Amino acid sequence: MEFSKEQLFDFYQTMATCRAFESRVSELFAAGKIPGFVHLSLGQEAIAAGVFACVEKDDKCGLHHRSHGEMIAKGGDINKMMAELFGKATGTCKGKGGSMHLADMDMGLLGANGILGAGFAIAAGAAFACRYNETNDITLCLFGDGQSNRGPLHESFNVAALWKLPIVWICENNGFGLSNPVKGHLATDNVSDRAAAYGMPGVTVDGNDVLAVYETTQEAVKRARRGDGPSLLEFKTWRWHGHFEGDPGLYKDPKDQEEWLKKDPIPRLGNMLIKKKYATQEDLDQMKAIGEAKIDAAVKFAEESPWPDASELYTDVYDRQL
Amino acid sequence: MEFSKEQLFDFYQTMATCRAFESRVSELFAAGKIPGFVHLSLGQEAIAAGVFACVEKDDKCGLHHRSHGEMIAKGGDINKMMAELFGKATGTCKGKGGSMHLADMDMGLLGANGILGAGFAIAAGAAFACRYNETNDITLCLFGDGQSNRGPLHESFNVAALWKLPIVWICENNGFGLSNPVKGHLATDNVSDRAAAYGMPGVTVDGNDVLAVYETTQEAVKRARRGDGPSLLEFKTWRWHGHFEGDPGLYKDPKDQEEWLKKDPIPRLGNMLIKKKYATQEDLDQMKAIGEAKIDAAVKFAEESPWPDASELYTDVYDRQL
Amino acid sequence: MQMTYAEAIRDGLRVELKRDPKVYLAGEDVGPFGGCFGVTAGLFDEFGPKRIVDTPISENFIVGHAVGSSACGLRPVVEVMFDDFITVCFDEFANQAAKVRYMFGGKAKVPMVCLTINGAGVGAAAQHSQSLEALLTHIPGLITVIPSTPADAKGLLIAAIRDDNPVIFYEHKQLLGVSEDVPEGDYTVPIGKADIKREGSDVTIVAWSWMVQKSLAAAEELAKDGISVEVLDPRTLVPLDKEAILKSVGKTGRLVIVQESCKTMGFGSEIAAIVAEEGLDLLNAPIIRVAAPNTPIPFSPVLEQEYIPSVEKIVAAVKSLF
Amino acid sequence: MQMTYAEAIRDGLRVELKRDPKVYLAGEDVGPFGGCFGVTAGLFDEFGPKRIVDTPISENFIVGHAVGSSACGLRPVVEVMFDDFITVCFDEFANQAAKVRYMFGGKAKVPMVCLTINGAGVGAAAQHSQSLEALLTHIPGLITVIPSTPADAKGLLIAAIRDDNPVIFYEHKQLLGVSEDVPEGDYTVPIGKADIKREGSDVTIVAWSWMVQKSLAAAEELAKDGISVEVLDPRTLVPLDKEAILKSVGKTGRLVIVQESCKTMGFGSEIAAIVAEEGLDLLNAPIIRVAAPNTPIPFSPVLEQEYIPSVEKIVAAVKSLF
């Protein structure tokens, strides 16, 4: 596949922005500015960048609990996201959701989910609505390797395949479900080995190669839009940090960690851009700087935003006061 | 595989007894003698007969909601079973369980289950115990095609394969989940297509051929006992009656029904016995009569048994009165 | 027009299916089969497979998909075949449907309805007879509707489908065949308004679903002894018409709550607690809860009859207050 | 010996793992990682992989397998990482573990324990902060243990593991680090016996788990105003030490119930109902429930603090009775 310079720059910019966002969040968490559980996908940015370049604004997407990157890649408002992580009134969810419940229905982002596996059926329902409404929209559903062992996957994969729903199932296999390595939780080598059980295509791809991620997703998205039904994509990657911020990740083999750090998807694309003479180091630095600047602005926005009023506790439970 | 005359007679006798039991239950239900939901497996007797000839008394078995035949084949007490269906104090479960909750822990029968899919994990737990206790026992788990779409299947199949638990998963594919035909609920052609998702062997076999059922199960049981882990067996058959007694089964194509009635597993084995000169028609009639006599005795036992005392309502909730 | 409770529900579904193309019905065997209890009979022929959708046996999918499709603008009515099975998709109600609006800061809504059915007395034993309507009332974000008459059932169902919050709608096996005059066409019964099913001055009975009938029968008995009973049917548990209850107790000075559920933590506990908090001065006598005992539901008819709160027990409870 | 609540639980596990080879621990990340909150740290090294079993993220399996393994003679202790996730395996508790003994006429037992953890106040938002201990108390057949101190936690856990009924054991995030003197070695705290955590004569506060601490702090405050508060900790909700509650209310004439759960249908409803039924004459004032509001748990710290029942709210509630 041939990529335009613009496309490649877009990939790079998205990854750089995701990286900047989460690196900063890590610092802010350590500094006590962000409360609660925060799960970062540092090192996994190629998936967000590659996947979301394949879909349109009206396409839907179900997220899981490690989804800052995806949200940014789908075009979520970074200021509001940061404010949400702070618990401020200006956040994506008015401060009521936090990192684990980021959502933006206007962008088709059906929400992160703190209950692993609950997102499969919700995403299938969104795909059902895409078809019911006779639109051409499709739905993506992102999930981790660990949660691929939850029962609702099976129910939703079966129905989606049976009804040929316009959905793409995307597993971010980052090596672990919390402390449990893939070989400790998965009966087969690959999550994609499960596709055959539902008669759908399944493929495992290098998740640190943004171009491969893009190509693979593009094909599955086209298939879904054509009405040919779901696919299962597995992108193999590695979680750089611990499971949540504060977890030192002692269960990781330092050698593996080192190996994977070398596979950083950002310089990987950067080097290729330079080699192909599409970009200079300055171009890359500039994109990094743009990312950083966005995050600076977002942190400022978040810090200056007001806390929600205590009365907000009681609103949004129902559409009306019962 | 070569079968001895004795083995073949055993198969025949078991099928004849199951047939007699359920035919009588059907009549008793119509006559208002048996309350509640009753699910019969008339026509599916070859599975019970073939499968349970492969296991020992100490092997465990999880049943589902259509399990009279299995219970008989595993050696359950027919008198107590009938009394249970009547709701009498002498029943397998003192009348508290009924058809959907038949159980006999002494025979390793972990119980029928009215919640479809709940049995997968329970059976996996029994298999876990077999191994934990360092016995050579294995566990069978029987289930229908319809409930193969419940999530707990996925969780249990994965863990059983990952841990190589000594279990055999046995799907009785009888064409329908209630009114929904297999092609209306399953994304693939066969339930056994799902085995590969867990890296275990999967096979689909004619469920009306008791010999094939036996051979297939035998192999899987050996594999489990050897410590090589689970297998998924699918036996294709047909439910003669409606889903529950009282359901006329109008959703069945009469042509299909007719075809399958011709495939009755009992005369099929009987004809072979006669052809091979192992048995005369009289032998067969006699086995049928033995089955009938057992059921006569069971009905008498059930009818003459007392109702449970009302105070029984309050016992067996806990090990003590809380 | 004379209609049974089942027909009234079907009529309510028909009104809404006709009025709003975003309304669809999905569940197990709700299509050509017409539902396990015949409630949806004929709808498939009238509205076709796009609107009346038979699903596999996959309750996580059924309820979860409705969260997704309703968040994307549809108005699903789904069915969980028995209340007992709400337990297998409890998360989809408690953590998903109930919380989406709140977690996402009011920027999403989930206008879905789930039909299910309660009730003992048909020999369906421990896993097909429960009345678990109290469980989900503990989870803010859900509405609980539990009608006792055909006219209420139809009007409340239409209101439920038009409501912008997730609603659980509890039918009752023993009420399906009860008939009365039901308004034709389009009307709603307001959610959150109790109905006095019988006026009286000496004691208030609060009861819902089947227990309204039993309470009315008890009231008839008690009238013979000169005790004037007011029977109040809250019709919806969340929101609860607290004012109506306090008003009635203010009038009568005595409160008996009748529930088919197990005594501990049935919804009667909440009603008793509210009155003990906000209406203690109104009471001239202790509150009494007439309830099923804290036992699973036994199969045997003699035990099951002992289990179900009877007219005699209600009469005795009321008399004990005088 | 001085121990934290977390250490006391670990010590209780160690006592039982040593004493009884049938006891094992299974759950997500309970092994080398030591549990999401460090409660099981070190056990894997001490007891090895046969006894301390890391499972995939498969809660249906985790709880369901324990039903099967305990029915086959083992004594599993399983962990569901957060109370919020009990919703994904609710059936395994409500329809399986709870009912096996009864449905099978007393011929099976399920001596399993499930550990899980409650509590808000750590910014974990709507799906990781709930206190849902009330839900399963509605289901007969289960025991609910919910200790508020390290010594109670250890003694109750040992009692729970030795109990022949299924037990749910609720820890609390805010208590894990609380320490006190805990007896060494083997001892039990009886299941079903309340403990007076502070004696008093003017008002009874019934509270459990974290709310005991808050209530004790409130009692301290109130003492300054000359109000003598008795703080009663039921320690187990099922069985509930009704007599102790009625006795205390008999002494003080006033009852305030403090629960961290949402107000509607928290376990305080049951306690209030019991007192309104059996102890109405003892009351000199209305019962008050201090509880969280009927809202999901918000992320933002300012909202979360408003959500959690505070010492001030308890003090104010008590004062309102005088």
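Quick notes on this one:
Residue numbering begins at 1 within each chain, and the chains themselves are lettered A, B, C and D in the order written.
By our rule, a contact is a pair of C-beta atoms (placed from the backbone, for glycine too) under 8 Å apart; a residue touches a chain by one contact, two chains touch by 3 or more.
Everything quoted here is computed from the prediction, not taken from an experiment.
With contact taken as defined at the outset, subunit A and subunit D are each touched by B, C. With each centre defined as the average position of its C-alpha atoms, the distance from subunit A to subunit B rounds to 45 Å.
In terms of their C-alpha centroids, the spacing between subunit B and subunit C amounts to 36 Å. If you average the Cα atoms of subunit B and of subunit D, the two centres end up 40 Å apart.
In subunit A, the residues that touch at least two other chains are 91, 93, 95-97, 101, 113-115, 118, 149-152, 155, 158-159, 162, 184-186, 317.
For subunit D, residues that reach two or more other chains under the stated contact definition are 55-56, 58-60, 84-85, 87-88, 91, 95, 102-103, 125-127, 140-141, 238, 293-296, 298. Viewed as a network of touching protein chains, the structure reduces to a complete graph with every chain in contact with every other. The residues of subunit D lying in touch with subunit A in their complex are 28-29, 31-33, 36, 54-60, 84-85, 87-88, 122-128, 293-296, 298-303, 306-307.
Against subunit B, in their complex, subunit A makes its touches with residues 149-155, 157-159, 161-162, 184-188, 193-194, 196-200. The touching residues of subunit A, counted against subunit C in their complex, run 60, 62, 91-97, 101, 103-106, 110-111, 113-115, 118, 120-130, 132-133, 151-152, 155-156, 158-159, 162, 315-319, 322.
The touching residues of subunit D, counted against subunit B in their complex, run 24, 50, 55-56, 58-61, 63-74, 76, 91-92, 95-96, 100-109, 140-141, 143, 163-165, 192, 238-239. Listed in rising order, the residues of subunit D touching subunit C in the complex are 84-85, 87-88, 90-91, 93-95, 98-99, 102-103, 125-127, 132, 134-135, 137-141, 238, 261-262, 264-270, 272-273, 275-278, 280-281, 283, 285-289, 293-296, 298.
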